[in-house]
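Here's the structure, in structure tokens; my notes come after.
Every chain is named by a letter (A, B and C) in the order it is written, and numbering of its residues begins at 1.
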Amino acid sequence: MLLSPTAMHIPDGFLSVVVSVLFWLFSLLAIAFSIKRVKQNLGEKEVPLMGVLAAAIFAGQMLNFTVIGGTSGHLLGAALATILVGPWAAILVMTAVVATQALLFQDGGLIVLGANLFNMAVVGVAVSYAVYRLIYQLFKGREVGIFIAGFIAAWSSIFIASLLVALQLALSGTFSADLAIPAMGGIHALIGIGEGLITIGALAVLFASRPDLLNISPAQAGNNRPILIAGILIALLLAVLSPLASSDPDGLEWVAEEYGFLQTAQEPLYQIIPDYVFPGVENEIVATILAGILGTLIVFGIAWGIAYARRAKATS
Amino acid sequence: MIVDEAVLFENLNFSYPDGHIALRNVNLRIRDGEKVALVGPNGAGKSTLLLHFNGILMGDGRMRIYGNDLKNGNLRKIRSLVGLVFQNPDDQLFSPTVFEDVAFGPIYQGLSEDEVKKQVEQALESVHMKDYAQRVSYHLSIGEKKRISIATVLSMNPKILVLDEPSAGLDPRSRRSLIHLLSELPQTLIAATHDLALVRELLPRTIIMNGGKIIADGRTSDLLQNTTLLLENGLEPL
Amino acid sequence: MSIDPFRPARHSGSKPIHNLDARLKFIIALGFILTTSLAPQGAWAVYILLFSLAFSIALLSDVGIRHIYARAALALPFILAAFPLLFTVTGVPIFSFSIGSLSLTASWQGLERFISISFKSWISVQIAVLLATTTRLPDLLFAMRNLAIPQLIVAIIGLMWRYIFLMVEEANRLLRARLSRSGVTTQNSKKYGGSLTWRAKVAGNMAGNLLIRSLERSDRVYSAMLARGYDGEIRRFKNPPLTLQDWLILIGSIAVLVILLTLGLLLNS
């Protein structure tokens, strides 16, 4: 079927379990908070609106444009969702999209889904909202403000989220910060331009056809203050932290080790069970060979069992 | 060398990935300038066949458009020769203004800004909608949208126009307007339609399809009189 | 085939994995991936056993190994994103080479980390594919409700699922319409395609078109729901209780995973 891989969906195995769990917590808190807010604001209409919009964003990510040769650019849609239905509903919409991508299309892992959700559905939306509000206000309601704010909001959502991905990879000890941050940041600074352009294109059609759908009324301002602040803080935090971490990767790794984030740090557990209790296990090569034999036996056993069951059924 | 043969399909077979056989041994020749109707019940394979004219689908068999074999390296050229207008104009009109939608084709072709403007003007003129350039497609009536859709392919100067259900959803006045418009266009014309009255008025040749096969191919006046043939293939005589 | 949600049909024989309760599959799949993630780097024996288990389950599922691998292969490019680790991890060198002024040294530690992460990712993706191919999303959602996922999210995903195919169809039609107007004339066959900015903008136009239609559709969906008595509350059937067989499978699977994990932790010193 369709796959809209962006470079931001992290697969399983790349983040340490501690980091994964941590970001699951952050995501769940954000989602729970969003649910509460959405219930207050939208009432009954929320389910059909968000459900269909999630389907549209999911499908919208298929609308690619050719960059060079075989590569193409895609939409993520966090900024557009935010401009259309406001930040709280957008978080839920993007959660549905990202979760479905992971569950059904293996676009992003399942244990790391918490992190992917936080990066794309929460941070992507929060940063979009904060940037859009701030820049749109600068233009004092002039039409051109919608497009400029939209572009920068979309670009920021991609760029800032990518910095967070890099940080998560560095904290897990998978890649060092001085590699991950510039690489992710650099690539996504470019990808973000694509997102910005697509967003402007979409806004052009929306503004021409149904300007009432663009959710930029200041009336909801008060309600959305928490996410405005959150968006600003997260963006600033990452913008400041990333160059620091990048220039001192060892420092970050030291912090990660101190707090047990690293994937490789398992020492405390071994010391509890001394090696001599399981003598044969001590020799790693022997264990690997044994595992290979055992594994092969398991597979053949199952395969034989299936064939036997089929034969038995055929003859009965 | 003037190529007289617009379309050649020989032994065309096509199955969808899920196994459904949509086209069975289709043989078709259309000469430059002909106006042809494609009729048949739903599921006959009309839409599938239409999508072969510009290579969106490519089945097995020989396929040639104005002397160009249909193959992967050729498709962009074919799409300049064949203007395909889909049934639902909302699927085709995706730009903020009419001008931009009609300009898409020429811009993609790499024409200069002046050439693009000229093409758009001519195309809108052909569909009698010259003043609509700055309008927003979304706000137009379905009749207007259908005509703009035709303009979006006319701006590419195709040699063949392929239309999927052109009169579907139109009120009598818009329909009359559309028939009038189609009668003026010089291109080779192929239209898939349920509208037999339109066929009788506009298209001298009719191809009847059913179950993926071509059942009959001949003069409209003859075929439309054959009540048995029509009824057998899910059509009602006028 | 029964449509009784209180007693879902169970076919004996050929589709054992498909018929497992979705709650079980979900928990076991997550447990499997978690175990894989927790297994230390370089615990090859455990990786091999986990792989064999995944392969065996794939065989049992009767979905077809080739199909599963084909789907899993789509995730390969991201797994291979770990390749740079070969060069970035310092340690005992294997080989080095230079490209211009850039000098790269591959290390054994880097190789171990690269293969470990790739292996873990690969196994995890296969389990995820198995879960996806043997479980329909509605069943999964039905099950997730019992596992403390908020009702509103489940409702949104449910409705999204209903409209996703329709939206994808519309997106495909938009893409086809664009393709049909993407031609070259013989004169200009070098300079076609418009500028990059223009192409991105057009993709955006198409997205905007899709979004408007979807939002208007959601209004109609809402009206239809109202007409059938919708009042904002999401009500549904309760999940049937797990059978003894279900519990045995669940406990057995978790036990196996725990044993494998312990093995992995013990091996690595």
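Assume contacts are C-beta pairs under 8 Å (C-beta built on N, C-alpha and C of every residue); 3 or more make two chains touch, one makes a residue touch a chain.
Everything numeric in this text was worked out from a predicted model, so none of it was measured.
Taken together, the touching pairs cover every possible pairing of the chains. Set side by side, the interfaces A-B and A-C show unequal numbers of C-beta pairs in contact, with more at A-C. The most distant chain from chain A, with centres taken as the mean of CA atoms, is B.
Our note on geometry: chain B versus chain C, Cα centroid distance of 40 Å, whole angstroms. Per-chain Cα centroids separate chain A from chain B by 43 Å. Between chain A and chain C the centroid-to-centroid distance comes to 14 Å (mean Cα coordinates, whole Å).
Each of residues 94-96, 138 in chain B touches at least two other chains.
Residue positions of chain A with contacts to 2 or more other chains are 204-205, 209-210.
Chain C has residues 170, 174, 193, 202, 205-206, 208-209, 212-213 in contact with two or more other chains.
The residues of chain A lying in touch with chain C in their complex are 2-3, 5, 9, 11-14, 16-17, 20, 31-32, 35, 38-39, 43-60, 62-67, 73, 75, 77, 80, 84, 92-93, 95-97, 99-100, 102-107, 109-111, 174-176, 179, 194, 197-206, 209-210, 213, 263-264, 266, 269-270, 273, 275, 278, 281, 284, 287-288, 290-292, 294-296, 298-299, 301-303, 306, 309-310, 313.
Residues of chain C touching chain A in their complex: 13-14, 29-30, 33-34, 36-38, 40-41, 44-46, 48-49, 51-53, 55-56, 59-60, 62, 71-72, 74-75, 77-79, 82, 84-85, 88, 116-121, 124-125, 128-129, 131-132, 137, 140, 150, 152-153, 155-164, 166-168, 170-172, 174-175, 193, 196-197, 199-215, 217-219, 221-222, 225-226, 230-232, 234, 263, 265-269. Taken together, the chain A residues at the contact with chain B in this complex read 204-205, 207-210.
Across the complex, chain B meets chain C through its residues 51, 54, 56, 76-81, 83-84, 86, 88, 90-96, 100, 104-105, 107-111, 138, 152-153, 156-157. Residue ranges on chain C touching chain B, taken from their complex, read 170, 173-174, 176-186, 188-194, 198, 202, 205-206, 208-209, 212-213.
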